[in-house]
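Here's a structure for you.
Read from first to last, the chains carry the letters A, B, C, D and E; within each, the first residue is number 1.
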Amino acid sequence: MSGQTAIRIEHLGKRFGAGPLVLDDVNLSITAGEFVCLLGASGCGKSTLLNLIAGLDQPTTGSIDTPAEGSAVMFQESALMPWLTARANVELALRLRGVPRAARRGEALELLDVVNLADAAEKRPHELSGGMRQRVALARALAQDRPVLLMDEPFAALDAITRDLLHEELERVWRQTGRTIVFVTHNVREAARLGQRVVLLSSRPGRVAGEWRIAETAGRRIESPEVAALSIEITDQLRKEIRRNAA
Amino acid sequence: MSGQTAIRIEHLGKRFGAGPLVLDDVNLSITAGEFVCLLGASGCGKSTLLNLIAGLDQPTTGSIDTPAEGSAVMFQESALMPWLTARANVELALRLRGVPRAARRGEALELLDVVNLADAAEKRPHELSGGMRQRVALARALAQDRPVLLMDEPFAALDAITRDLLHEELERVWRQTGRTIVFVTHNVREAARLGQRVVLLSSRPGRVAGEWRIAETAGRRIESPEVAALSIEITDQLRKEIRRNAA
Amino acid sequence: MPRDTLLEAPVAAPAATDHDDLRSLEAGLDRLQTTPERRASAWRRFTTSVLPPILFVAVLVAAWQLYIVIAQPRPDIVPAPADVVNAISAAWESGRLQLAITTSLERGILGFLIAIAVGTPLGLLLAEVRPLRRAVGPIISGLQVLPSVAWVPAAIIWFGLSDATVYFVILMGAIPSIVNGLIAGVDQVPPQLRRVGTVLGARRWELATLVVLPAALPGYVAGLKQGWAFSWRSLMAAEIIAMGGTIGFGLGSMLQQTRELADLAGVLATILVILAIGILIELVAFAPLERRMLRRRGLLVERDR
Amino acid sequence: MPRDTLLEAPVAAPAATDHDDLRSLEAGLDRLQTTPERRASAWRRFTTSVLPPILFVAVLVAAWQLYIVIAQPRPDIVPAPADVVNAISAAWESGRLQLAITTSLERGILGFLIAIAVGTPLGLLLAEVRPLRRAVGPIISGLQVLPSVAWVPAAIIWFGLSDATVYFVILMGAIPSIVNGLIAGVDQVPPQLRRVGTVLGARRWELATLVVLPAALPGYVAGLKQGWAFSWRSLMAAEIIAMGGTIGFGLGSMLQQTRELADLAGVLATILVILAIGILIELVAFAPLERRMLRRRGLLVERDR
Amino acid sequence: VLTGCSAQSAAGETAAASADAGTPSEELRLGYFANVTHAPALVGLQEGLFEEALGDTTLSTQVFNAGPAAIEALTAGAIDATYIGPNPSINTFIQSAGESARIVAGAATGGAALVVRDDIDSPEDLEGTTLATPQLGNTQDVALRSWLADEGFTTDTSGGGDVHITPTENAQTLTLFQQGQLDGAWLPEPWVSRLIVDAGAKVLVDEADLWEDGNFPTTVLLVNATFLAEHPQTVEALLEGHLASLAWLDEHADEAATVINAALEAETGKPLADEVITRSLEHVTFSADPHAETFATLVENGLEAGTQKAGSIEGLFDLRLLNGLLEDAGEEPVSAGDLGEE
């Protein structure tokens, strides 16, 4: 609760065309260096909120303040360019950031090493497993060198073993780089495992329906009892939200 | 350990063409009505083993005894016929089982009601969410009316919220129908949540690398402490297996 | 006002969710996860996809007319739009247009039906019998590369200037497309569906009729569509080249005749009629069939980004 | 000997996996999850995909020869295989075959290149400018339905029996294919890739050249391939119909000439040459380009079930 | 079945082609061109002379634009007999190894010339020019090629050489000549006259000057060999009609132009200008003599020009029925020039 505010969202509302209200009066302020998990059922507007923060879309009402440098984004699908090798994908981000050509190769390889993929630098996306692809995407996001990292269910398509590993990887990167991370998921345990703060969104329209703060985040595993306990609490709340939509 | 043996696997080996050995000397005997989870890393041969049990493929060495009535199978993708409605998909299974035309419609609707989908009977697969599709696939598998139900990562592609729900659904169906279930997954917590017995397969070649039996299975949730504890133990063993492949 | 929760010990042991609870949860989730298909309104479809091309054509015709008025070109090199319309109505009044259209359509459709009757079993055979496919498949694909117009001279030598020539050329054009479409369709059947069929206890014949054929339908329809396009093309080529003899009077013959009379307005009028028939058959016969099939399977991408 | 574990209380609190541990775990998982691509051996490829069609053709030719020997048909109605071979070698020795091949290939390739030069910017424009696409797109698709052979008579009136006629017909045949291919390619670019480009900070021009164009390449190449097929078809149609005048001597003319001499062996020989060129261009120019592109993107499905 | 002269089956022995073997056919399908050189057909049909001679046999006709189409119809069994030029006849005979058809009579001679634009005065001026002929390998095409070869020019069948020869449809030739895209053409009547009258061309070479006595065949009557073997009576009747038609043309030289033009108008929709048809008829002679003696030269020229496959034309003629009729009429028999039965 110290540090300055990285992202400030105020009275945010979003509606697509003449459709129903997707987000309604969302208020959120995220401190620099914080790891926030956005949790909610399918279609509740998590991706919409993330896109608004990323500047990919414009809010209907309300305002969003983000750092001037902008934010890096990671999606559920790695969205790597299929015709480029892992290294070239990272280099593309460097090039678009304005890194001179000579420096790109070295920096790309360094970033790939951060995610343990130095050996796979010359492979193309289709030769990589899903987990490896997401690690390349993470390296690419790091290549953008932005203070904020927005992640939209980045591990949802992975198998549980890989996902657990990537949780550890991401936590390590977060601690190493001190980025502000907004992590969207509908996996309650994942949120409880990763976040310093978990924000629950309700559905139709999306509103902040609950918030949990985790005091001690070091040494957590997904099987840890405190994660389980928090998960039970959040799940109950989430299920209440879902049940509201049953009728 | 009471009850008669439903599936008996002895000295099973499998090799595709001239490739490496995929399964090596697998021994397993499953009691009628038992819920067994087969756990292992990617490519360790879980699906191969399941296909062998289902009779979709032939073992290279060893033998498999299964009930004469055969087994029903559910896959990771629901594999519903996209041109048929939910009801027609279930009816197809009934038709191939030999149920007379007049009785099919009613029985299909009953089965759909078992998985809470009576309302969606006339929808086509593409109009259903992933979870609904897997529930239709479950109804279809039940329509086959076979003593053994083989499931190959049926919930791997679903989001966590839906998966948790389907765990409860499956457990309920299992208790209601008393089927023998072999459930393949690489999600350790899922295995610990669902199974009466968890069998860990090693990779390259697949061998039985460990077995855990859970005495008390009633009232489990995925966040339950006993599930977490078992998960930690299995995970450690699994990671050991994975690490063996690092070099 | 975030609710802080400091976690020391696990909370009370979880209670089993009872069945009704599960039902309502599932119902809620199902509701949240399915969005009703929204079909674009008829008016919107009209303004976004029907109106613009009509307007564009209108602009083209206006520009053409303007050119005629300003540059006053020789009418035998650039006829006015009105001349073309007159040519169509003249041909209609004399009955030649109707005769040409019915002759051509009759041949095209009959030839296409024969091609379906021949191509479908052939395609199924090739798709399901692997050694045969290895041997014959590449030849059929190769034949698809051969312009069917090349068959016209050979057909004329064999069959003279008769309807047999026309049908032969149509068949050589359409059959490879239909066969290849069917093979591609069968290839695209997800192996998972076949396995499900087997697991459900389908025998070979049931598997083919209840699973493989319906699953291969989209590829087959695409093949049919292309087969029709090739039938129509081949027919026109045959009619233009093989004039006279006992060959009746089709659109191709009409084109060639108007050309021989150096009647450019007539030529353009005939081209327009051929184009209109092509588009019409596409819109009337294939588009609804395809849309219905794709919509039933959820494969229709409603494009209005 | 299952190891029974009765669980009463959670085991010791989990220790944080340290970095090296994570590295080795990840390495193990990566190893397990990636299987090296296996390319079929050259010999196996030969026996499964090259040999069978060759054998099939050999059987066909043998059957044909057998028919000749047994039924002794009139040589102007069913020539012997040897006659066809002789016709090819005679045409080669007289130099007519070479001339026809070079003329046709030159025209086909030049026309195709012009079609690319026109079709590519047009396709890009239509793909990126939505209102234009709504207006012009359906017209271009419609033109694809029109048999390009129908343009021959009009072209003859406009350009006489000259090369311009041939090129006009080629362009009318190929451009719609190329434009549609490019549009389809751009449409198929996953929206996610565009969004990634934007997120990475690409400006409009960078987005087009670094993301959209390379991503649309498969559709574009497919369009080019089809464009070539249409070029070749149109060329043959034009050459067969528009004989004489200052139009040079191409394969189509050769076909028509041999027909006029009632020389069926020559007609079949020319058809074989046309087919061979079609297949050769496909194998030499497009197949490697396509295979390479698809393999780089992991889209190549090695079929040997 | 009676009319079905199955093209595939080997032709019957021509030895049987006498009026006392075989049966009359129920139908005779006759082909011809709407052309001045096919006047015997036009007149015979217009005046009902064929029907008269054929009696119970139904006559049906088909009009063709060019020789190849007529030959194709003959080969495919769509017609039984046709008026046609000598070269396509030779062609089909050689291609089918002598099995396809027989020439049973001549119809017209003369009436072909090389016409050029006004400023070409001598053969030397032809260097580098582009000349048209009606069709590759037809009578005029071969004539032009062999004449050019005699004049020392090279040509080839694909349009190269010192003089470019582009086989072009006659109507198209007129247009292209008017547009200045062609320098000349070797054509049959009435196109020679049309180019002269409508496009201001002039005659550089009259083909008649190249042949002994100025007699060269332009049109002959060709019959399917199988049909001839099976239905000699019908062919004889056809020949009767043919001879009657020739006699009519001989007797009504003044009416001929009108009658022919009426037939042309009925077929093509447009009559020829009076000037054109009059000039045309002046240059064509109608006679039953096929001038078989010239055929060896025609084959030689064709071979030389590269438009002809080598082969024997021994047996191409079967003039027995014709000579029988001529004998009955007390006229001189015509010669088959050692190329068949007389």
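Definition applied: a contact is a pair of C-beta atoms (placed from the backbone, for glycine too) under 8 Å apart; a residue touches a chain by one contact, two chains touch by 3 or more.
Each chain and its UniProt protein: A, B = ABC transporter ATP-binding protein; C, D = ABC transporter permease.
Remember, it's a predicted structure, so these values are computed and weren't measured experimentally.
Undergrad: Give the chains in contact with both subunit A and subunit C, ordered by label.
TA: Correct list: B, D.
Undergrad: What are the two chains with the top count of C-beta contact pairs?
TA: Contact tally peaks for the chain pair C-D.
Undergrad: Taking each chain's centre as the mean of its C-alpha atoms, which one ends up farthest from the centre of subunit A?
TA: It is E.
Undergrad: So, comparing C-alpha centroids, which chain is the farthest one from subunit D?
TA: E
Undergrad: What's the distance between the Cα centroids of subunit B and subunit C, rounded to whole Å?
TA: That gives a centre separation of 42 Å.
Undergrad: In whole angstrom, what separates the CA-based centres of subunit A and subunit E?
TA: Centres of subunit A and subunit E (C-alpha means) sit 88 Å apart.
Undergrad: Measure off the straight-line distance from the CA centroid of subunit C to the CA centroid of subunit E, and report it in whole Å.
TA: 48
Undergrad: Can you work out the whole-Å distance between the CA centroids of subunit A and subunit B?
TA: 32
Undergrad: Would you give the residues of subunit D that are in contact with at least 2 other chains, written as numbers and ranges?
TA: 10, 14, 25, 27, 29, 33, 76-77, 259, 262, 264
Undergrad: Give me the residues of subunit E that touch two or more other chains.
TA: As it turns out, subunit E has residues touching two or more other chains at 72, 75.
Undergrad: Which subunit B residues sit where two or more other chains touch them?
TA: 41-42, 129, 161, 221, 223-225, 228-229, 232, 242
Undergrad: Hey, which chains are touching each other here?
TA: Between chains, contact exists in these pairs: A-B, A-C, A-D, B-C, B-D, C-D, C-E, D-E.
Undergrad: Over in the complex, which subunit D residues touch subunit A? Could you list them?
TA: It is residues 10, 13-17, 19, 22-23, 25-27, 29-30, 33-34, 37, 190, 192-193, 195-202, 206, 210-211, 214-215, 217, 293, 296-299 of subunit D that touch subunit A.
Undergrad: Show me the residue ranges of subunit C that touch subunit A in the complex, using the header's touch definition.
TA: Per the stated touch rule, the residues are 2-11, 14, 24-25, 27-29, 31-33, 35.
Undergrad: What part of subunit E is in contact with subunit D in the complex they form?
TA: Interface residues on subunit E, with respect to subunit D: 7-8, 10, 66-68, 71-72, 75, 88, 91-92, 95-97, 99-100, 130, 132, 135-137, 156-160, 166-169, 172-173, 176, 179, 181-182, 306-307, 309.
Undergrad: Contact residues on subunit C for subunit D in the complex?
TA: Where subunit C meets subunit D, its residues are 48-49, 52-53, 55-57, 76-77, 130-131, 134-139, 142-143, 145-154, 156-158, 187, 229, 232-233, 236-237, 240-241, 252, 255-256, 258-259, 262, 264, 267-268, 270-271, 274-275, 278-279, 282, 303, 305.
Undergrad: Can you list the subunit A residues touching subunit D in their complex?
TA: Against subunit D, the touching part of subunit A is residues 54, 56, 70, 72-73, 75, 77, 79, 81-83, 92-93, 96-97, 116, 120, 124-132, 140, 144, 161-162, 165, 168-169, 172, 218-219, 221, 223-225.
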